[in-house]
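In the two complexes that follow, subunit A is the common piece, with subunit B as its partner first and subunit C second.
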Partner chain A sequence: MKRTILRDIKKWWIGISFVFPACVFFGILILFPVLKSIYLSFTDYTILLEDISLIGLSQYSDLFRDSKFYLALKNTLIWSVFYTILSVGIGLILAIVLNTIRWISNILRLAFYYPMVLSFVVIGLLWMWMYLPDIGIINTILRTIGLKRLAVPWLGKSSTALYGIIVAASWQQAAYCMVLYLAGLAMIPVEYLEAAQIDGATHLQSFLNIVLPLLNRVTALAVVTTVLKSFKVFDLVYIMTYGGPYRASIVLPFFMYEEAFHNYRMAYGTAIAVVSLIVVFPFIVFYLRHLTTREVSE
Partner chain B sequence: MKKNKIHQLFIVVFAVLIAAVWLLPMVMGLMNSVKTMEDIYTGGFLSFPRRIAIENYADVWYKSHLGEYFKNSMLITISAVILILTLACPAAYGFARNTFRGSSFIFMIFLSGLAIPLTIVLIPLYQLMDSFGLLDSYFGIIIVEASYCLAFSIFIMRNFFRGVPSSLADAATVDGCSQWGIFLRIYLPLAKPALGALIVLTVTWIWNSFLFPLILIYSKNKKPITLGLAQLHGEHISFWNLQMAGAVIASIVPLAIFLAFQKYFARGLMTGAVKG
Partner chain C sequence: MKKAVRHLMLILLGFFLGGSLVFAGGENEITTEQGREQQVVLQSIKVLHSWASTPNPETLEVIFNRFEELNPQYKIDDNPIPFEEYTKMIKIIMPSKSPPDVIVHKPGSNTRAQIDAGLYLDLTDFWEEQNFDSVLPEYAKGLWTRHGKIWGVPFKGQVLMVWYRPSIFKKVGLKAPTNWDEFKQVCAKLKNAGYVPLNAGDKNPWPATYWFEDILLMTAGKAFWDNLMLGRAKWTDPRVIKAFEILKRDILDPGYYMANANAYSYQEASRNFGEGKAAIYNMGSWLPPRLWAVMPDVDMDYFLFPTIDSSVERTLRMQGDGWAIPRKAINVQGAKDLIAFLSTKWAHVTFAANVGEPVLHKETTADLYPHPDELGAATLERFKYNGVNPLDLGLEPIVANEVQNLTAKFNENPDMESLMEDLKKIDEVANKVFSDIEKKVAKGFWK
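Moving on, here comes the complex of A and B:
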């Protein structure tokens, strides 16, 4: 009796030993901080105070009365919408184009994909130079083709700064969507399209009625992952405008960084983070469900 | 047939044009990194340099310390990736082969880590590192970067391991092989393609990481190159040529890996993606 119990324990212990180290790191450095953030959001913790006391929902009520919060939230939502539309839309177009010329698409793909391996600091700097009002490439081109009126200081104007950054971000993200769509397109049997052509459908009809619906799963994934990414944006905003001009381009992560690490209102910062998490939660659930349903069907 | 070929030609031209637009920022960066500021002022960003001002790179590497930052990034990235591999591969095996009861439950917890935004861990992480005296240390930033990549790494490797037929493991067990033996002698050697994808992705992420170093590192000599580049930008705000040289230096490693191992990038991406 005793021998088999010991053996079972040993077996279990060996089994656990595989995941134990990873669990330790993950638990201490990721899980625990998430839980502590939630806890801290109910306190009055600032880096200067020695004691922290629980103060209930005060941070949250302050937050909901803070106009900067609504500005950051609005900007983040704008970001989600435009960033996703641009990235997914351009990604789809690129995938369709490249799919038609498959023999050369492998090389051309590199041209679209390389921004994904660049750091956001680099992307930010490259686009800041392109947006320079006087000698930046964008305005120079606009002037040469006669659209002088549009040659504005893109990052210097409150109304255009956020969109300027979003365009730079989409320039990078489009390639990710493109890769997803290329894989999806590759799985569409050619026979479907040939049959449609025989039946007299135009390219557009084939596309709208056959290709697009078959790509629904890809579109869902592309949209969800892009939206999730839009809530994490920080580096680009930091380097391109630092939230300016006059806060016109602050987004939730940046707002949190400012409050926590510049104004030292750390508990307030955690409240911002918790609220951001809640806002994006449905997308997280969708994403995780997607990842696990793959397994069920395997 | 002929119509099809003309059709293809049009599309190729169109695609090449868009590709050129996509490449423009990088080409601009490269070209202007070897110009003098006078060249830029007189000719704009799209002109060719009058002479190749390679000294920009030397200036930025030595005088602006980008060389130091580059080495720091190397240290941090390589260490973190080694740590990730050491932690994630056995864990993925454990989850894939369900080596203990409750492994699927624990795996669900890891899975939730996939979508956690950085912001929610940032403040307590700062506290934690501070209380252990790990702020502004290589060790601190390395373990943080590694931990943040753990969920994804385990996910990728577990997916791969689940595809290995269990008959291999069963045969080995019959021969008296232990779990760790199966892992080290069967699963790991087979895992090279997945490892390739994992390494390529994590190296890129950690090399380009900005927010964690921003919060957790503040002494000049430990900065990774992302922070260093941001600093360079601030210090030489109107010397675009120098900044561009810095940007090129900061991008060389990820770009080189990307070009050499494109296959692995695509494979790595796909694991989070479409069915099949």
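Moving on, here comes the complex of A and C:
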């Protein structure tokens, strides 16, 4: 038994020695801050005072009684749903179109991929100007084509502000989903589609019964990564609406920032972070279990 | 054996790489602390400020260089940071173990919290020694006073005025109003002539309260305002409700306020003012230099907020940004010597003449500023009247946020019933916030 253990240790210590620095990094830069944040969420830490006291679940109790939290959570969930549907849907459509139109697809791929290389700050500024009620291009086009009624202040109305930002965010994420789907489409054997054609299947039937099922894994990847990204959104909200008008577009990350850094309530901010982590945790587990382990085994 | 040695070396390599990266920061910290101690011998003064985004930001460097010439034993380590980043960074740097020697800040709710936490050095004796009362205005000293002590030395201070386009007024045949009835007539005529009477950009909600603030000050007075800002008065007080009623009746319902103000930041809204679509803009004196920098031919002048109740003494909303010394500053004497120099007339005049922002030295004159009859004259108004911080600086951030969002909503949809509900919620929030502050003050960290 002892000889077996020693043999195992000898076998593994090379791997451990290579992994050790990464473990140190992970521990210091990720694990320690997460654990410290969880600890701070049970204290009265305000960043100004070194004196910290444990106050139990007080921060969480305040949080669950704060209407702003529920508003931010609701907005984040709305963001998640619409952001995912738009990004994945548009990404799929673009990929199919580009996969079909071969002769100009390279140029179009570049054009559609372009938003991926822009930072959220640039995207936010661009769309903010496009949404301007009087001189923004969106309302100018709407007025020109006779749809003056639709030329609303997109970021100035509480009913449209959040969706306006979601559209801007989806513009970028759709490019990422498009790339995923293009890779997925390239892996579909042509013979399957040819066989379906020979059997008399229409394009739509081939798409629904062959292409889509074979793209399941890509769809799962696109959906999960988009959902995970939706819980991190901050820059766009900060740039485009600052959470307004009157908090209509506030989301969890922005709410956390406002409480921690604007209102000096750092411990409260960490409580928001912990709750956000709990909300997003199932998606992380799904991603790790179903979308990575299979890759390893394949 | 060779294999074992090879394996051992690999493990040591792993430890070395990981360990050096772990402890690298620590070594730098030690080096920095040692270096700073050495620098104290060389009399380094570390200054952190947010005035990098003013026009002609190199002006401060000129002033610092002059200080170094006159005080060769000192070397200034200047660290300018853009304003928005500075407001976040200062909250982290002040409680840190090695803050700078001199900082700038806008006095009010932010400095109150930091003062209560014991992060500022008491400058009361320093103020008396330097006789700053003879050169700096009373209101600005008041902004930096807390618990009966003085915690900073004011340097520059924007004043909030009602700016207007004289060319538009002339075209419509108007004069600057002096009382509320005249003001309503001016707005009506501007609207009939096809202009937006009152410009606004409420996206970052701090400007949303500006009209409400002035109406409240001109009807309820400074004493009530101070009590409201410090949690000693209620937001459901009839005087607050009356101010909202005036705002609704005389500005919002007639449609004088900019439509879709929530879609514009104040900078974006400035375009409407500069291009002549809107005629009047209630904004700080930072507006004219910035607008003139991009639209040099724009005509702009100001009028004092029209009198609503002649029995109420006029109070202006004014800022008093100034210099302060963190309690943990290393070079306190150097910091004081620098602040004393920065409070001289020369330093104020140099800053005003080159940056164009209003400084607080009593002996500065209107002709220092790029447009002396407009901006210069506006800055001198501060020496004639009482002054208070605007709401976004004077009120605790949590409560101010609520009031700003409430007012932004009210500006778009002035519903008094909904307002009353919101004001009650604000009272609840304010009660909790100020009660927490009292507990923190009672701990006595500021002593």
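The rule is short, and it goes like this: the second predicted complex is superposed on the first by the 262 of 298 C-alpha atoms of A that agree within 3 Å, B and C clash if a C-alpha of one lies under 4 Å from a C-alpha of the other, contacts with A are read in each partner's own complex, and residues count from 1 in each chain.
Here, contacts are C-beta pairs under 8 Å (C-beta built on N, C-alpha and C of every residue); 3 or more make two chains touch, one makes a residue touch a chain.
The structure displayed is predicted, hence computed values, not measured ones.
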item: Partner chain(s) touched by A:G244 [first = subunit B, second = subunit C, both, neither]; value: second
item: Comparing the two partners subunit B and subunit C, which touches a greater set of residues in subunit A; value: B
item: Partner chain in contact with A:L29 - subunit B first, subunit C second, else both or neither; value: first
item: First, second, both or neither for A:Y131, with subunit B first and subunit C second; value: second
item: First, second, both or neither for A:L94, with subunit B first and subunit C second; value: first
item: Which of subunit B and subunit C A:V218 touches, first, second, both or neither; value: first
item: Touched partner set for A:E258, first subunit B, second subunit C, both or neither; value: second
item: Subunit B versus subunit C as contact partner of A:F18, first or second or both or neither; value: both
item: Which of subunit B and subunit C A:A195 touches, first, second, both or neither; value: neither
item: Touching partner for A:L228 - first (subunit B), second (subunit C), both, neither; value: first
item: Residues of subunit A contacting subunit B in one complex and subunit C in the other; value: 14, 16-18, 21, 25, 28, 261
item: Complex contact set, residues of subunit B against subunit A; value: 8, 11-12, 14-16, 18-20, 22-26, 28-29, 32, 40-41, 44-46, 86-88, 90-91, 93-95, 99-101, 103, 106, 109-125, 127-128, 143-144, 146-148, 150-151, 154-155, 162, 178-180, 183, 204, 207-211, 214-215, 226, 229-230, 233, 240, 243-244, 247, 250-251, 254-255, 257-259, 262, 265-266, 269-270, 272-276
item: Contact set on subunit A toward subunit C in their complex; value: 10, 13-14, 16-18, 20-21, 24-25, 28, 46-51, 131-133, 153-158, 241-242, 244-247, 258, 261-265
item: Subunit A contact footprint on subunit C (complex, rising order); value: 7, 10-11, 13-15, 17-19, 21-22, 88, 91-92, 94-95, 113-114, 116-117, 119, 202-205, 260-264, 268, 397-398, 401, 405-406, 408-409, 412, 440, 443, 445
item: Touch list for subunit A against partner subunit B, complex; value: 12, 14-19, 21-23, 25-26, 28-34, 36-37, 40, 94, 97-98, 100-101, 104, 108, 110-122, 125-127, 129-130, 135-137, 140, 171, 176, 179-180, 183-184, 187, 217-218, 221, 225, 228, 231-232, 234-235, 238-239, 252-253, 256-257, 260-261, 266, 269-270, 272-274, 276-277, 280, 283-284, 287-288, 291-292, 294-295, 297-298
